[in-house]
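Quick heads-up: structures coming right below.
Two complexes follow with chain A in common, the first pairing it with chain B and the second with chain C.
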Partner chain A sequence: MNVFQEFFYWLYDAYGLNFIVFYDSWEFNRYLVGLTNTLYLCVICVVLSVVVGIAGAWLQTSRFAPLRWVVYCYIQFFRNTPPLAQMYFFYFGLGSVMPRITNDMGLQEPMFGNFEWAIIALTLFAGAFNVEIFRSGIEAVPKTTVEAASALGYSRWKAYVHIIFPLALRICMPGLTNNLVNLLKTTSIAYAIGVAEVLYVANQIWAVEFNVPEMMNLVLVTYLVIVSSFVWMMSRITKRMRIPGYNW
Partner chain B sequence: MFRKILHGTLPVLAGLCAAGAATDASADAAFDKIKDRGELAVCSKVDYKPFGFRDTDGTPIGLEHDLIDDVRLRLEEKLGVAIKVNPIPVIAANRIQFLEGGKCDLLIATMTDKPERRRTIDIIEPNYYSSGVNILALKTVNINEWGDIQDQKMCSSQGAFWNKDLQQKYNIELLTFAGIAETEQALMDGRCLGLLTDDSLAAMRLAQERWNKDYELKVDTIMDASWGAAIQQGNPDFKALMEETITDWHKSGKIMELEDKWDVKRTPFATSMHEKYKDS
Partner chain C sequence: MNSSDEKIQVSLRDVRKSFGALEVIKGVSMDVRKGEVVCIIGPSGSGKSTLLRCINALVPIDQGSIDVCGIQVNDPDLDELELRRRIGMVFQSYNLFPHRTALQNVMMAPIHVLKQDKAEVEQRARALLEKVRLSEKADAFPGELSGGQQQRVAIARSLAMRPEVMMFDEVTAALDPETVNEVLFAIRELAEDGMTCVLVTHEMAFAREIADRVYFTDRGVIVEYGPPAELFGNPQDPRTQDFLGQIL
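Showing the complex of A and B:
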């Protein structure tokens, strides 16, 4: 035991505060795996959901109506159902009827495991909100600016890439940050389908050690650190993207 | 004269009051609460056939719910009021917190008696039942002994007492869920090589055709551990009543009777406890 571990063992011994992950290296590694999985989920889902948001917002400006309807239906479905229910639906509902493949255990397993389904569900959930956020940004770009772009000979696509989207992105940064923060916190529901993320691991630990208050505190602090670092990063990006003289 | 009498009686009165106060203080909070509300809140299982599950109309029934009803009858007799049972459905991962937090007065929910659990709640002696852990898996899966699950992915229930031990011993990857139904679905979907499960629950599953066609128990049951009923700490009277009740269950052979009623294979535990207590 090092000094750090000894301190937490002493804390348990003297005050009954059982932060077992800080003095038992087996539990510590377990918690570390949970933390890694949470971060992994966060990074992948943030990136993918932003891609979904941008693509969806672009499709919404399409002149081909059925495409707009598809995006509309997608948004309605994912915005109006609870994420936990979506998670169960994907993993147990849709997951069970997926084509089966033989896995390395030699069993017939449906395609996509719990981790993949968690990523799909969370991405689509946050993506739906992102579409609306990007759309609001696009709609806020002054019409005159769009007309000026086309007067300068920009094609629809080029105007979107070089003029409309860069401006829209700056407008929707606050809303986007909000939604992505929400997404980071929502990753915790992946524990319902057995993804070994922070909350899941904490639950496994407290089920044996009965240190629910301590683990719950640790989980909250963990999320607080993750989310506040993310918010800090997003505000840095927002500042870096600021165009002098162009404020809303 | 009057003053003399007064002086003589006062200490006696004071003594009586003190005695009265003392009885009040020793009376037990759980009893008061149950009596006041005419209700016994019991943390119990509703997803653990045949020990606790739901009837077609939604009422919780099963071996443990029969035991709970027996406790209710005994409480009615003891407290002299009508009492109804308020079943609080729990899962392994939340039952102890529910009892500790006072959401229920009594816990009879397939809980294994463990020393670390006794630190926060009172587990009643003697234990009322016993079971161990086994592996339920497809007949075609090649598991013949516990060592065969080394480094494999196994399904289990969140909060099951064997999770950590087996994980440490065999370095298995655990896929756990909150409810029993989810663990079964995951097993049937081939998400894991096998399901770590209570042997008594598995035996009951294997009595059904949808299970025994393709699945079987793979190994010898290990970690045989007994189930304890539990109450909140600091309720001596309720504890005494529960101790007497469970002793009676073993003495009269009630547990074995209920095993027969619910089609559970008789456990060596129930039989040996009956042998032990029948002449006491």
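Showing the complex of A and C:
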């Protein structure tokens, strides 16, 4: 045992505070796996949900009405239903009717495992809000600026890429940060379909050790660190993108 | 200037345009020859801005025909880029791209839209900024420039596309009185270089000095037109007399 582990063992011994992951390397590794999975979920879902948001906002400006309705229905569905129910819907509902595939060893297995379903559900959940956020950003770009781009020969697409989107992104950074923070916290519901993320692993540990308060504190502190690091990063990006003479 | 054997660059024939039930342009015809400077004056709401927007296809017309440098603007298969590289437009509210520096604003369209070589475009952009006397502001953002400076960058930005015709829509209307002259100076230089110009303006003294022909519009029609000395010195129509009486 190193000094760090000895301290936590002493803490347990002397005061009954059982932070087992800090003195038992096997439990520590188990918690590390949970942390890694949580971070994976966070990074993948943040990236994918932003992509969904940008694509959806672009589709909503389409002149083809059915496309706009599809995006509209998607947003309404995911905004107005609980994320946990969505997760169940995907994993138990869709998961059971998806075709099965044959793996390398010739066995039948589901096309998506619980980890993949968690990514899909969380991405679509946060993506729906991101579409709305990006759309409001796009709408806040002055029409006259877009007109100036047209007058210079910009096509709709080029104006979007070079002018509308860069400005919209700056306008919607605060809203985007809020929604992504919400997404980070919501990754914990992947617990409900058995994804071995932080909360799930903590639960496995306390089921054996009966140290619920200690593990819950650890889980909360873990999220606190993840979320505040993320917020710090987003505020750095926001600052870097700031335009002189504008407050967005 | 003013030689009637120069070829016609902008030609309008009985152009009509309505927004819903409101007919804004009620049969306007007009010819502008290469190198000519034409001013359009008239009370606000008479359809001057709409007319300019029709000429570069920002607004589709309902009836009549518009020809710009041999391009049929009302053709349903209009190649908008081909049109807009030939005709530049400067707006009352400058409409610079706020997230790019003055130099970048001038360089963007030739690079993004015409796919021209970056180094060559930069050289041209710097020369244009020098022409509008803003070399030292090349790296400033629009938010850091005065209205008059922004408007001169907007003129340089339009010129970077090497248009054959320039349109100006009340480009000094939003400026402080002391900066109006620096913008008018830039336009005067352009006109002296032989650029074909269509100006909507409330600067009567400037129109009188610079124009080859002045059109007076009211409620969507051209009431009368002629050389500035005649139109300002001896207006025929009572509406023109009325308008000039109020404004001079």
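Methods note: the second predicted complex is superposed on the first by the 242 of 248 C-alpha atoms of A that agree within 3 Å, B and C clash if a C-alpha of one lies under 4 Å from a C-alpha of the other, contacts with A are read in each partner's own complex, and residues count from 1 in each chain.
Basically, a residue touches a chain if its C-beta (ideal position, glycine included) is under 8 Å from a C-beta of that chain, and two chains touch if they have at least 3 such contacts.
Predicted model, so just to flag it, every value in this text is computed and none were measured.
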Once the shared chain is lined up, is A:Thr61 touching chain B (first), chain C (second), both, or neither of them? neither
I'd like to know which partner A:Asn182 touches here: chain B for first, chain C for second, both or neither. neither
Thinking of the overlay built on chain A, is A:Val208 touched by chain B (first), by chain C (second), by both, or by neither? first
Touch test for A:Ser136: chain B only (first), chain C only (second), both, or neither? neither
For A:Tyr246, using the defined touch cut-off, is the partner it touches chain B, chain C, both, or neither? Pick first, second, both or neither. second
Who does A:Gln5 touch here: chain B (first), chain C (second), both, or neither? neither
Which of chain B and chain C A:Ala148 touches, first, second, both or neither: second
With the two complexes superposed on chain A, say which partner A:Asn217 touches: chain B (first), chain C (second), both, or neither. neither
Can you pull the chain A residues that chain B and chain C both touch? none
Chain B residues within the chain A interface of the complex: 92-93, 96-97, 116-117, 119-120, 138, 141, 152-153, 158-161, 163-164, 168, 174-178, 182, 185-186, 189-193
Per the touch rule, the chain C residues reaching chain A in their complex are 56, 58, 80-81, 84-85, 88-89, 91, 93, 95-99, 108-109, 112-114, 140-144, 154, 157-158, 161
Along chain A, where are the residues that touch chain C in the complex? 142, 144-145, 147-155, 158, 162-163, 166-167, 170, 241, 243-246
Going by the contact rule set out above, which residues of chain A touch chain B in the complex? 26, 92, 95-96, 100, 103, 105-110, 113-114, 192-194, 200, 203-204, 207-210, 212
